[in-house]
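Here chain A shows up in two complexes: once beside chain B, once beside chain C.
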Partner chain A sequence: MLDRLSLLKTILWALVGVLAAVSVVRFAFGLGAVTNLSDAAPWGLWVALDVMAGVALAAGGFVVAAAVYVFHLEQYRPFVRAAILTALLGYAAVAAGLLYDLGLPWHIWHPMIYWQHHSVLFEVALCVMFYLTVLALEFAPAVLEHPCFARPAFQTIARGLRQATLPLVVAGIVLSTLHQSSLGSLFLITPYRLHALWYSPILYVLFFVSAVALGLATLIAESLLSSFFYRHKAPLRLLSGLGLGAAVVLALYALLRLGDLAWRGQLGACFDGSWLSRMFLFEMALSTLIPMALLCVPRVRSSLAGLALCAGLIVAGMVLYRVDVCLVAFARPEGSGYFPTWMEIAVSLGLLAACVLVFLFLVERLRVYDDPHVRGAPQPSYDPATLHNLLPDELAAPRRYSLAALLGGCLAVVFLPLGAPQPVATAALPARAAAGIAENRQGEPGQTLAFAVPDRPLPADAQPASLLVIDGNRDGQMVLFNHGAHIGRMGRHESCALCHHLSLPLDRNTSCFECHRDVYGPTPLFRHESHVKALGGNAGCRQCHADDSLPKTYETSTACDQCHRLQVASAALVPAPAARWHPAPGYVDAMHGLCVNCHEKSAREAPEHYSPLLSRCDHCHDPDRAEQRQPLAPSRP
Partner chain B sequence: MIEHPAILIDTTLCTGCERCVAACKQVNELGHDRPWRGQQAVDSLSATRYCTILRRPGRRYVRQQCRHCLEPACVSACLVGAMQKTPEGPVIYDPHKCMGCRYCLVACPYGIPRYDWDRAVPYVRKCTLCYARLKPGEAPACVESCPEKAALFGPRDAMLAEAHRRLEAGRGKYLKHVDGEHEVGGSSVLYLSDVPLDFLAWQPNLDDRPLPQRTWASLAKVPPIIVGVAGLMTGLHWIIGRRMKAALESAAQASPSPAGNDDAPAPSPGDEEHHA
Partner chain C sequence: MIDLQTWIDWAGGPLFRAALAFMLLGLARRAALNAWEIVRAWRRAGDKQLPWRAVLRATLRWLFPLGQVGNRALFSATTLLFHAAVILVPLFLAGHVALWQPWLGIAWPVMPSALATALTVAAVVAALGLVIQRAASRATRALSRLEDYALPIVVGLPFLTGLLVMHPGWNPFSYQWTMLAHVLSADLLLVLFPLTKLSHMVLLPATQLVSELAWHFPPDAGSRVAAALRKEGEPI
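== the complex of A and B ==
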C-alpha cells in the first residue's frame, strides 16, 4: 500500500517521463511539431503559464524575505527557507520553460552580451538572471549545512553568505519589484491587440500587486500541501496571518484594477455581455473578490479548509489573469484560434513535476521546514531482539519511480508525432502532367483518352500522349482531366473564369465537385436517356442492370466508375518531371501566360491567319473603363 | 543609398497582378509557400511571403508588407537587438543575434513579422525593404516590378510631397489621408487609397504616439525604482530594527521579566513613537 507521498512521487515521475519524450520531438523538429503556435498566436501556453505565471507564483520568496528581514516580522521566519527554495525552483523552471519556448534556445545567453535597454524583455531577462543568482546565494547556506559540506572552507563561505543576507534580500526585493512589474510592461506595447478591459497604462503596477497576492497565496498552499503529504500540523495561526495579508493586497489590487477601469471610462465594458466581459468578471471574482471577502471572515481565515479554498482561488485566479493577458484577451485574426496541444500541456506539467520532485528531494535532506517529520528521522536498521531487517527494501522506491517515468515516456511516444511538421494543407495540390498511352476510341470525342497498362499489349492505333492529371477536389485522388473538352463544353473562352476565377498564386480553382455533384454518391443528376442512347438502346440495359432478378435501382446497378475509369492507376503512369507539376494557374496567369503569349507568337509567325489584336492590352482591358478596373472587358471586334 | 527611403503605394492604380509578390519571392529566394496554421489564406503573409496583395471588395487591391516604421515597435521590443532600424531607414533582422522569443511578432501594430514554425532552426521573416538592393542604388524589387506604377520609391519627404500633390490633384478620388504619415509615429510605406485601410492594422485609427514611448514610460522608472526600493528597504530594516530594540529595552526596564516571545506581533508604529 503506497502512502500518499509515494503515490505523489510516482505520478510526478510519470509526468517527468512524458516530458522527456516530448522534449526529444520538440528539439529535434522544432516548435511547430509539438505546439499549436502560429503567426496569429506567437505566444502560447509556455509563455503564459511557465514564464508569466511561473514568475508570479515564485513571488512568495521576496515577499516573505521582505517581511522577515526588512519588517522584522520574525514569526514568519519558519517560512523563509521554503519560500526561497520555492522561488529558486520556480525561476529555474521559468528558465527551463524558456529553453522549450525560445525558437533558438542555444542563444538564451545572448541578452548578456547584446544589450538593448529599450526592450522590456531585456530588463526582465537580466532581472531574472540576477535574481536566480541571488536566490541561489540566499539558499546556499541551507545546502552548506548538510554534513557533506562540513569542511571549514565551505563553512567560511556559508558564514560569509549569512553575513551578506541583508544585501542579498534587498537585492532580491529590488529585482523582484522590477521584473514582476515588467512582465506587465511587456504588454504596454500592444495597445491595439490587448482588450481594453486588460490593457492599462498601469499594467506594471497591477502585475506587481497581483504577484504579491499570488506569492502569499502560493506560500499558504505550499505549507498546507506539505503538511498534508508529510502528515504534520500546519502552522495555522501564521497561515491565517498570511491570509489576512493577502486580503489586504487583494483589496489594493481590486481598488487599482477597478479604479483604473473607471478612470479610463471602461467600467461599462465589464457588463456589455460579450464573451470577454464575462471572462473579465469571472477572473475578477475568482482571483480577487471572492477570496478577499472570504479572507475577511476570521472563521474562514483560521480554518484549514477556508485557507485552502482561498489560496486555491487566488492561485487559480491570478494565473488566469496572466493567461488572459497573454492569450485570451489578446487579439488574433478571426478564425485563427489557439488552444495548446497535449504536448504543450505535458511540457508545462512535466516541468512543474520536476520542480516538485527537486523540492521534495531537498526538503527531505536539508533543514527547509523546521519539522523533523519531513526530514525522515533515522530509524534503526534492524530489530536488536530478532536481528530481522527493519528497513524497507531500499531499491523499491527508485524501481517504482523509474518504472513510472519509463511508462510515462512510452505512453507519450505512442501519441507523439514523430517527424518534421508538415505545412498545413491549405494549399491546392498541384496538377500533374503525366506521359501516358492514348487509345483512340472512335465516335466519342469527349472520351478519347484511356490508359494502357504497360504489361498489356497496346492497341494498334494507340499513340503516346501527354495527359493532364489533376487533383481537382484536393482530396489526394488524381483524375485524368480533359482540358479541351471542358473548354468546348463550358462555352469556349468565356468560360475560363468559371474555374480559373481569380488570379491567386496557388489558386484554389473550382473543384470538380462544384459541377460534378455526383462524383461522390447516388445522384439525381444521372442522365438515363443519354446512357441508353450511348449504350445502343435496349440492347445496352444489361451493361448496367446486370441482374434481372433485382429491382433496377441505383444501388443494384453497375457503379459509375466501372465504366468511367477516370481514376488513374498510378502504375499505368510515367509521371512527368516534378518541374511540370504545378498548381493550376490563376485567371490572370492563365489569360496572360497562355492566351496572350500564344497569340503573340502565332501572330508573329503567321500574321495572315492570326490577328495580333489579342496581344494588345487594350483588346481586353478597356481603357475607357479603367476607373472601374474591369479585368476583362467584352472583346472588341 | 538615399536617406529615409519610402514606398508610396497608390491603391487605386493597383490591378492585383501580384508581380510584386513574385519579384519579392524571387529576390528573397523564398521558394514554395509553406502555409502554416492560423494563416488566413494560402496567399497571406507568411514566412515564405514577405509581401502580398489583399483583395478588398470592389476590386481594390492593397499590398501588405512591413511598414518600416520610423519608431518601430519590433525594434524596441527585441531584447538582443536582432531587429534593427538601420540609419538609412529600413528595419532589418540579424538572425545571428535572434533568440527566437517572438516578442516582435507580439509587438508589431500591423501584425507583419512571420516565423518559421515548421523549422527546427527557425528565424523571424519579414520584408527588409530590399536593404541589400538599396545599397547599390536600386529600388526594392516590388516597386521595380510594378507594371502599373502603383508603387513609387524615393526619399520619404519626396514621397509625402507626391502623395499630397495627388490628393490635391485628384480631388475626391482619394480619401483625404496618407496612411502611414503619422500613425504610430509614421512609417516608410505610405498608402493613398479611396477606401479605408483600417484592415492593415490590428485596430482602426491608430494613435500618432509611437509605441516604444509607451514601454519607455515604465522602463524610464527603472533607475529610480532601483534606488528608491533599495533605499526604502534598507531604511525600513534599520528604523524598524532600531525601534524594536528600543521597545524591547524599555519593556525590559519596565518589568525585569523577559517580555513577549517570538510570536508577539511587532510593536505598532504608534507605540514606538513614545519610546523613540
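== the complex of A and C ==
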C-alpha cells in the first residue's frame, strides 16, 4: 500500500508528466495550438492563476520575514525558512508561467534593457526579477548547510549571506510592497472594462492587503499539509497566532473594500441580482467574511480542523478574487468569451505540482522546518523464515514516479494537437441569381452592373440583365456577374462546358459550390466508404487496388477517369482535373482560376474589343460600387 | 455516430503517437533504471573484479541463439523465425513505410510483398507454435506464468489482422473493422513493451552482466545475514 506521501508524489509526478507533454506542443507550435487566447482575450488563466494568484500566494515570505526581523516576533522564527522557500518557489513558478504566456518567451529579459517607465508592468517585471534574486539569496544559507557544501569557501559565502540577512529582508519587504500593489494598479487603466464591484481607485491597496492575508493563510495551509503528509505534530499555538493575524488583516480588507464601494455609491450593486453581483457576494463570503468570523472564535482558531477550513477558504477565495479581476469581471468585446482549454489548466496544475515536488525535495534534505523530516537510513533486516530481504527497495520511488510521469505524459499525447491550429473553415455561399441592369457608361470599360429596382424606369443606355451574385466569403462585398452576357459572348449553350466542368453524373450546370465548398480551403471529393459499398465490400477492393502486393495508396490505385469517363468536360477553360482527382480547390481559387485567366487572355489578345482594365481586380471587385449598391442587395439568406 | 474511418484515423494517429512515445520513453526508462541498479550493485560489491571478457563473450553468444540450439531445436528455430518476422515486417512493409514517409519526410527500402506475406504468416504460426511448445513440455510449464502464454498471442494479433487487411480477398470480415482491430492491437502491443518482459529488447544486452554482478555481494553480507538469522559467532 502506498503511504499518503508517496501517493501525493505519484499524483504530482503524473501532473508534471502532463506538463512536459503540453510544454512540447506549446513551445513547438505556439500559443494558438494550446490555448483559447485571442486578440480579444489576450490574458487568460496563466496570467490570472500563475502570475496574479501566484505572486499573492507567495506573499507569506515577506510577511513572516517582516514579523520576525522587523517587529521581533521571535516566536514565528520557525516559519521563516518555509515561508522564504514557498516565496522562492512561488516566484519561480510565476517566471515559468510567464514563459508559457509570453508569445515570444525568449524576450523575457527585455524589461532589463528596454525601460518603459510609464508602464506599471515594467515596474512589476523589475520588482519580480529583483525579488526573485533576493529570495534566492535569503534561502541560500539553508542550502549551504548541506554536507555537500562543507568546503570553507562555501561556508564563507554562507557567513556573508547570514550577515546580509537584515538588508535582504528589508529589500524583500520594499520590493513586495511595490509589486504586490502594482498588480492591482495594472487594472486602474480599465475603469470601463472592469465591473464596478471590482474596479476601485484603491485597487492597489486592496491587492496588497489581500496578499498579506493570503500569504498568511498559505503558510498555515502549508504547515498543516506538511504535518499531515509527514505525520508530525503541527505547531498549533503558533498557527493560531498566524490565524489571528490573518483575521485582523481580513477585517482591514473587508473594511477597505466595502467602505470603498459605499464611498463610491456602488454598494447597492451587490444586491442587484445579476450573476456578477452574486459572484461578488460569493467571493467576499468565501475569501473574507466567513473565515474572518470563524477565526475570531478562539476554539476554531486553536483547532486543527478550524484552521484548515479557514486557511482553505482564504486561499480559494483570494485566488478567486484575482481570477475575477483578471477574467470573470473583466468585460471583453461581445462574442469573444474565453474559457481555458484543458491544456492551459494542465500547465497551471503542472507548474504547481513541480513547485510542490521541489518543496518536498528540499524539505526532506535541508533544515527547512525545525524538526527535520529526514528519515534515518533504514536498518538491514531479513525475514528469518524466508530469508527475504525486508529492506525497502531503494529504487521503488524512482521506479514509481518515473512511471507516473510517463503515463501522465503519454495520456496527454493522445489528446494533444500536433501542429499549429488550422484556420477555421468558412463555408462558401452558393452564387444566386438576381434581376439586374447593365449600363454602358461614358468613360468606363465594359458594362456597369447594378441590381434592378422594381418599379423604377430603366436609365437610358441600360438593358435588363440576368446577374449572378457571388459572395463566397459572406462579407457583403459581392461580385456581380453578368451571366446572360457571358452565355451570348462565349457561344450560346454549347459553351456551358467552358466554365461548368461537370462532376456530378449527367449534370450540365452543377453549381461551383457543390465541389468548392470552402472559401479558402480545398474540399476532398473522393469518398472511399461509398465506393466500398457500391463495389460490394471486400470483393470489390481489387477494382481499384488491382495489385495486392502494392501499398493501397492514392498513386497505386485505379485512376478515377477509368470508370467515370463522362464526368469531366474536356473543353473546360480551367485545366481539366487530372486523371487522379485531387481535392477541389477553395471557392476563391476556383473562381479566380476561372475568371482571371480568361479576362487576361481576352484583354491581351483582343484589345480592339476589350479594355486593358478588364484584367484588373477592381473590374469585378469594386468596393465603391458594392457599397453604393449595398442597400439594393436582396437580404442574404 | 462517428464513422469507423474516424476511429481508425484516431487509433492510427493520436493514439499511435502516444503508444509509440510510451514505448520509446518507457524502454529508455527501463534501460536507465537497469543501468542505475547495475552501478549501485557494483559500488556495493566487495569483489569489484568482474570477468569482463567472459561476460562480453556470454552476452554475444546469447545474442545469436543459433549456437544454442542444443536439445530443443524446434523451439529455437520457432523463436528465431518469430523474432525475424516480428522485427522485419512492421519496419519494412511497403504500406507502413508509406505511412511514415509524410510524417518523417524520409523513406527507406521496402521488402517484397510476397516475402512480407510469407513472414506475416510465419509470425502468426510461430506465435501459436511458441504457446503450444511451452504448454507441451513439463519443464517449461512449470516455469511459465500467465504472461508468458498471453504475450505471443498478443504479439500475433496485429500480424493476423494485418494479413487480412493486406489481402481483402481472404478477409471474411469488414475491411474497416479489421483495420481498426489491426491498429488497436498494434497500439496495445507498443504499450506493453516497457511494462512486460517484452522490454528484453533493451535489457537483453545487460542480462549477463546482471547475472554476474548478482554474485558479487557487499563485503559484510555474510555477517549481516548471520545477524539477521541470529546466528552470529556460530561456525558455518
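Observations on the model:
Operating definition for what follows: the second predicted complex is superposed on the first by the 405 of 637 C-alpha atoms of A that agree within 3 Å, B and C clash if a C-alpha of one lies under 4 Å from a C-alpha of the other, contacts with A are read in each partner's own complex, and residues count from 1 in each chain.
The rule we apply is simple: a residue touches a chain if its C-beta (ideal position, glycine included) is under 8 Å from a C-beta of that chain, and two chains touch if they have at least 3 such contacts.
Since the model is a prediction, treat every value here as computed from it, not as a measurement.
Shared-chain residue A:Q75: touches chain B; no touch with chain C.
Once the two structures are overlaid, the count of chain A residues touched is higher for B than for its counterpart among chain B and chain C. Residue contacts after overlaying the shared chain place A:Y587 against neither chain B nor chain C.
Shared-chain residue A:I173: touches chain B; no touch with chain C. Of the two partner chains placed by the overlay, neither chain B nor chain C lies in contact with A:F280. Looking at the shared chain after the overlay, A:C410 reaches chain C, while chain B stays out of its contact range.
When the two complexes are overlaid on their common chain A, residue A:R193 makes contact with chain B while staying clear of chain C.
By the touch criterion defined above, A:Y401 lies against neither chain B nor chain C after alignment on the C-alpha atoms of chain A. Of the two partner chains, neither chain B nor chain C is touched by A:Y131. Annotation: chain A has no residue touching chain B in one complex and chain C in the other. Residues 380-382, 384, 387, 394-395, 398-399, 402-403, 406-407, 409-411, 413-416, 418, 528-529, 532, 537-539, 541-542, 545, 548-553 of chain A are the ones touching chain C in the complex. Those residues of chain A whose C-beta lies close enough to touch chain B in the complex are 27-32, 36-43, 66, 69-75, 77, 101-105, 107-108, 110-111, 114-123, 125, 166, 169-171, 173-174, 177-178, 181-182, 185-186, 188-193, 201, 204, 237, 331-333, 335-336, 338, 420-428, 502-506, 508, 588, 628-629, 631.
Residues 3, 5, 14-15, 17-19, 21-22, 25-26, 29, 33, 36-37, 40, 93-95, 97-98, 112-114, 166-169, 171, 174-176, 224-225, 227-230 of chain C are the ones touching chain A in the complex.
Taken in their complex, chain B has these residues touching chain A: 15-18, 21-22, 33-43, 45-47, 55, 59, 73, 75-82, 97-103, 105-107, 109, 111, 113-123, 201-203, 206-207, 211-212, 214-219, 222, 225-226, 229-230, 233-234, 236-237, 240-241, 244, 262-263, 265-266.
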